[in-house]
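Common to both upcoming complexes is chain A, partnered first by chain B, then by chain C.
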Partner chain A sequence: MTPAAAVNDSGRGRGRTPRAAVVVFPGSNGDRDLLEALNLSGFSARLHPAHMALPADVDLVGLPGGFSYGDYWRAGMLASRARAVQSLPAWLAAGGLVIGVCNGFQILVEAGILPGALSYNQPPRFVHRWIEVEVTPAALRNQSPWFGQARVGDRLRMPIAHAEGRYVHPQGDDVIATRVPLVYCENPNGSLADTAAVLDDSGRVLGIMPHPERACEAVLGSDDGAALFQSARQFLTSQESA
Partner chain B sequence: MTHFEVIVQPRPGVRDPQADAISAAMHDSGYDGCSAQSVGRFLLLSVDEADSEQAAAKARAVCEGMLVNPLLETYVLRSAAKPAASAVYREGQP
Partner chain C sequence: MTIATREHDAQPAHSSAGADLDARRLDRDEHDEGSAARLAEAMGLLPHEYQTIRSALERIPTHEELAVFSGMWSEHCSYKSTRHLLATLPKEGRGVLAGPGSHAGVVDVGEGWAVAFKIESHNHPSAVEPYQGAATGVGGILRDVIAQGARPCALLDFLCFGNAQSPQTARIQRGVVAGIAGYGNAIGIPNIGGRTQHHPGYEGNPLVNALAAGLIRPHAQRTARAHGTGNVVLLVGAATGRDGILGAAFASEALGSQEQNRTRRSHIQVGDPFAGKLLMEAVLSFPAELGPVAVQDLGACGIACATFEMAALGGVGMDVDLSSVPLREADMTALEIFLSESQERFALVVQPEHVPAALEHFRSVGLTAAAIAVLTDSGRVRVRKEQSVCIDLPARLVAGGAPASRFAIAAALPPLPELPADHNTPHEPLLTTLQKLLAQCADAEPIYSQFDQTVGNRTVCGPGQASAAVLRLPDSMRGVALTLSGRGDLCAVDPYRGAQAALAEATRRLACVGAELLAITDGLNFASPRDPIEHRRIAEVIAGLGDGLRQLGVPVTGGNVSLYNESPRGPIPPTPMVGALGVVPDVRKVPRARLQAGHTLLVLGELSDEPGAAQYTRLRYGSDVGSPRCDLSAEQRVARLLCALIAADAVAGLSAVTQGGLVIALAKLCLRSDIGAALSLPASPRPHFQAFGEQPAQVLAWLDRQRVAALRQLADVHAVPYHVLGEVGGSDFQLVGHGALTMRELRTAWRGNAPDAARTSTQRSAGTHVS
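What follows is the complex of A and B.
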């Protein structure tokens, strides 16, 4: 039996192998990295075009890094109007997981699915290097499916590559303390409260500025990012057997 | 058809790295005493609506719903004459 044939196709949440869709926007460049990371972590992942509503048969949706629509007008704004993203709230109501990486994070805040905004780095330059982030109590407080394998204080090594990654929120540190699962050990971009990632109220939607999908194999420099995808898979498969 | 100019600028207090970079380049180029105070974006907007109040309401809705991120930006909306094909730059005009 081929791996594809082994996947139960009787619908969302029923297959033994959780399914994922990675949305491809014009200008995405991290889509194949995210696809690879999901497949390595036990998902059956496929690419999905941005102009089509999200498929009902997937358990997880990934919004990849890149420069969707050339970052025209404001990073993530045009992508937040694409049909796939417009269909995200209804898709989420049926109980799936979402990860937006880098430009995908920008798209989630532009769509209003995550709070706050992402502005120009301070100091104002494109930053690309390996950094460390630390898991905060907020990762576990929300019982987020993305952090089932994490412990508070764990340090994860991942690369960053962005110019507009400074997280801002009008209500300041206190409001976001419960929503920020990962903080930079050394703030590379001036983000409020060292914010490297943000969860929605349900803990199922994760926006993350570093690239966990580019840190899933030791040969690349780190496999710390795989913990997020493996936690998500574990959550989805345990839901099925419950 | 009713026409508008939309000017979007960083909110006061929001970091404006484009203005900083341009100011530094002006200084390096010898334009002493010049600085970029704010770098924004400009859009000529046409609304298919003859009634000016209804057109303005629609233009404001587009700005607030899409063109402007209120956490980072402010905007100015002005009515404009029918834009010519060469509206952005017309030979011989200031």
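What follows is the complex of A and C.
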């Protein structure tokens, strides 16, 4: 049962528009992009300030890209201490979905909600590029709500824009086999085993380095990213009607 | 630390501004006429400028007042050497909502939206401290757009460096690119296009110009015009420190040697994109019910410029209390506070009853905010610190009162350097020239891939994707196109035609995405106006721009002039940069397709082998020779054809022929599409000029073979000549009669000898934080 269902509001049941909150940290710059992408994919999304605990009435929480608190220290480190992020484990226990994009992914890793770490790119520079990622068997392994519409081997085109996106983990192989749903077709940052995204144990928390929210309309270069948000919406609405 | 250093003395005619600011305090009782005049001169004021001040004030100015004049009457703030020339440029045009004199020009783009846009230079700071110089240049131009009331939506950058192979260029280029990336990526404004040029004339004095554009509802514009006696001036954003004091005066001098430049670091500002982001959001979300009456960004000359300019514009006075300015360092003098160029600050004028709520609006997000001045009806800006008044000057004397400088100008330029007599004889195989030229027009991907190009979700075409950048308007399929053009190498031989060639290229680039040129912002970069020949070059560039703009029916809505761009090696080539804006009726129709096997390639516009100045002639002769080729009427015809082709979906793709000429454009297109082509050009006695001569008004078009007839028909209607070049396909770049290169050989040349920007480490700004 999702948190929204738990509060038992009037919108429960088939066809209800799932609700989403995009957390805005000081220094976030992808908050509006993520908000627009969620709304475009059938969510009712709103912005939520990082200094407040997460609201119980939403089904999905998005942590956007950007440079939270300036990221003058390790990216995401300060943001992982914000009240919204500190309240995330309790919020998750009620059954919602979480996506952290780019800086949001870094924050999830720093908060210990996703395994591993994101280190400086190799070569060590900020890189923006349109790239392709491929869906792996791990995406479908736990029936992750983020990949309901995906098939293994699908290629998704979206932009990357980060300086600290090289995924590292001490027990590489195990994690890769079970937790990495997307790999780069051409590794842009030295990431371990081409890792582009990581799932938590439940498959409900997705950290992703590329920007699916910037790939939701063909006229902007690609609409492949929309599949993730649509899968999430489909999962949430079908869960309620089940 | 003193305000400025004393070691530097650029040239006798123009002594180091600010050098003696801390030398003696000239109290009104103590100093006499002679010492005040000497101090004025030491601060860079010319004798006739001092006389103007002296007779307007009817008393001896104080030390602090002279320092204010030194900054505010610097070239950077007053445009005293160029404003009579800039006055000749056309400023009126369809859709222009704000022109020169506003923070940024504003043009109506339809569907209830307008675009605010402006270009600005940060050349001198970037020469001394490339990372911070470039970063604060980005921050500064963004604040201009924000002050106008617009939400920034795009950045573009125009960079000119010295020899690609020199270690100094590598160092400066790495820093500049990292600085633009460091600020722009963090504040979250996409960088959607740029130019990077290398020429020995920029060795030691790089040009770093940034263009910012923002979206605004036409009625939501803000102004710097302060009014309403009793209204209060708020200073908001970061606290004020000692960085960048008298940067404006520094920017108005020639650069010294690398060693001398190192001593000028106290003039350099330090950027903090995080504070910039907080401030941008706070200023843009400032509640309408609180005003503001006026808004001004703080840039050159800091609080001094903001107070004097706002008061002068509104015809009011201000009583400023520097004791209330939030400081980073406790023991700053009045002058240091007043002239500090600390970044990430704005001034807002609000009604007194709104002060508490307005201050809270900024403080609640961690920014500092303080009331620092009250509006009066005196027409004077009076400045005190702890009860002692140190400055009391008429606002309009300081802001706008600088007398025009009267530097000598040469009656004519030296004769154009003509092409050597052997230019009619081919000197080497065409494909050899292609490889050499391609290395000079190298792939800019290692640079622009360091910039976030898609944040904000509006980028339809970013760097390397089309001849101009295209952004989509909110909730619409209408778009705006932006592009930069300009060629110092062409202006070095013929400033008048070189400037027009920049307009021609802008027209051509915009037309390739279906946009008509609506307005430009001009970034004019020149050497010293005190040199009569350079002065003539400045006048010729502006005359060329003005005549060209009138012919095209296009206005200038604002821009920037940067003078004294010279290093011990000499002056830079005169370098006008044109930032062009157009409207794209439907972004879905912008042709973005890469070449595909089977496509037919054509060139639209006249094929010609007329000799002229081009990248090629510099390569062949080692210097800039010949005259640039330019034909604005032909550009207009081609542009109209392109817009018609796009509206009719008649082509698969379009690409402007620019620097390097026709065959370079073909090679780059094949490289970007990763496919070969078999092409032929008509026989010519001057095949190199046909291939690389940068002939005017040429555009590449490609499409399926069976659609060529329809294209021909439209071309005939628009009286544009065309020539079928050949077919796309294979893995060789073949020029019939000249041989072939494999795509691999071509790519090696393209990735050739540019400084290795890819090695750049992601440098972190060591900026101070707001609390």
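Basically, the second predicted complex is superposed on the first by the 226 of 242 C-alpha atoms of A that agree within 3 Å, B and C clash if a C-alpha of one lies under 4 Å from a C-alpha of the other, contacts with A are read in each partner's own complex, and residues count from 1 in each chain.
We adopt the following convention: a residue touches a chain if its C-beta (ideal position, glycine included) is under 8 Å from a C-beta of that chain, and two chains touch if they have at least 3 such contacts.
Computed from a prediction, not measured in an experiment: that's the story for all the values here.
Asker: Between chain B (first) and chain C (second), which, if any, makes contact with A:R129: first, second, both or neither?
Answerer: In the superposition, A:R129 touches chain C alone.
Asker: Report for A:G27: first if it touches chain B alone, second if chain C alone, otherwise both or neither.
Answerer: After superposing on A, A:G27 lies in contact with chain C but is clear of chain B.
Asker: Kindly classify A:M77 by the partners it touches after superposition: chain B alone (first), chain C alone (second), both, or neither?
Answerer: It touches chain B, and chain C stays clear.
Asker: Have a look at where A:P137 lands relative to chain B and chain C in the superposition and call it first, second, both or neither.
Answerer: After superposition on chain A, A:P137 lies in contact with neither partner.
Asker: In the overlay, answer first, second, both or neither for which of chain B and chain C A:S119 touches.
Answerer: In the superposition, A:S119 touches chain B alone.
Asker: For A:E110, select first, second, both or neither according to whether it touches chain B, chain C, the two together, or no partner.
Answerer: The answer is first: A:E110 touches chain B but not chain C.
Asker: A:P49 contacts which: chain B (first), chain C (second), both, neither?
Answerer: neither
Asker: Please indicate which partner A:V168 is in contact with in the superposed arrangement: first for chain B, second for chain C, both, or neither.
Answerer: The answer is first: A:V168 touches chain B but not chain C.
Asker: Residues of chain A touched: more by chain B or chain C?
Answerer: More residues of chain A are touched by C.
Asker: Let me test your reading of the model: by the given contact rule, A:P89 touches which partner, first (chain B), second (chain C), both or neither?
Answerer: After superposing on A, A:P89 lies clear of both chain B and chain C.
Asker: Do any residues of chain A touch both chain B and chain C, and if so, which are they?
Answerer: The overlap between the chain B and chain C interfaces on chain A comprises residues 120-121, 124-125.
Asker: For chain C, which residues count as touching chain A in their complex?
Answerer: The contact residues of chain C facing chain A are 178, 181, 185-188, 272-275, 277-278, 365-366, 448-460, 472, 477, 587-588, 758-762, 764-765, 767, 769.
Asker: Within their complex, state which residues of chain B touch chain A.
Answerer: Residue positions touching the partner: 14-18, 20-21, 41, 66-67, 69, 71-72.
Asker: For the complex, give me every residue of chain A touching chain B.
Answerer: Residues 73-74, 77, 81, 110, 116-117, 119-122, 124-125, 166, 168-170, 190.
Asker: Which chain A residues qualify as touching chain C in the complex?
Answerer: Those residues of chain A that touch chain C are 26-27, 29-30, 32-33, 36-37, 65-67, 69-72, 120-121, 123-129, 159, 161, 163, 211, 213-214, 216, 219-221.
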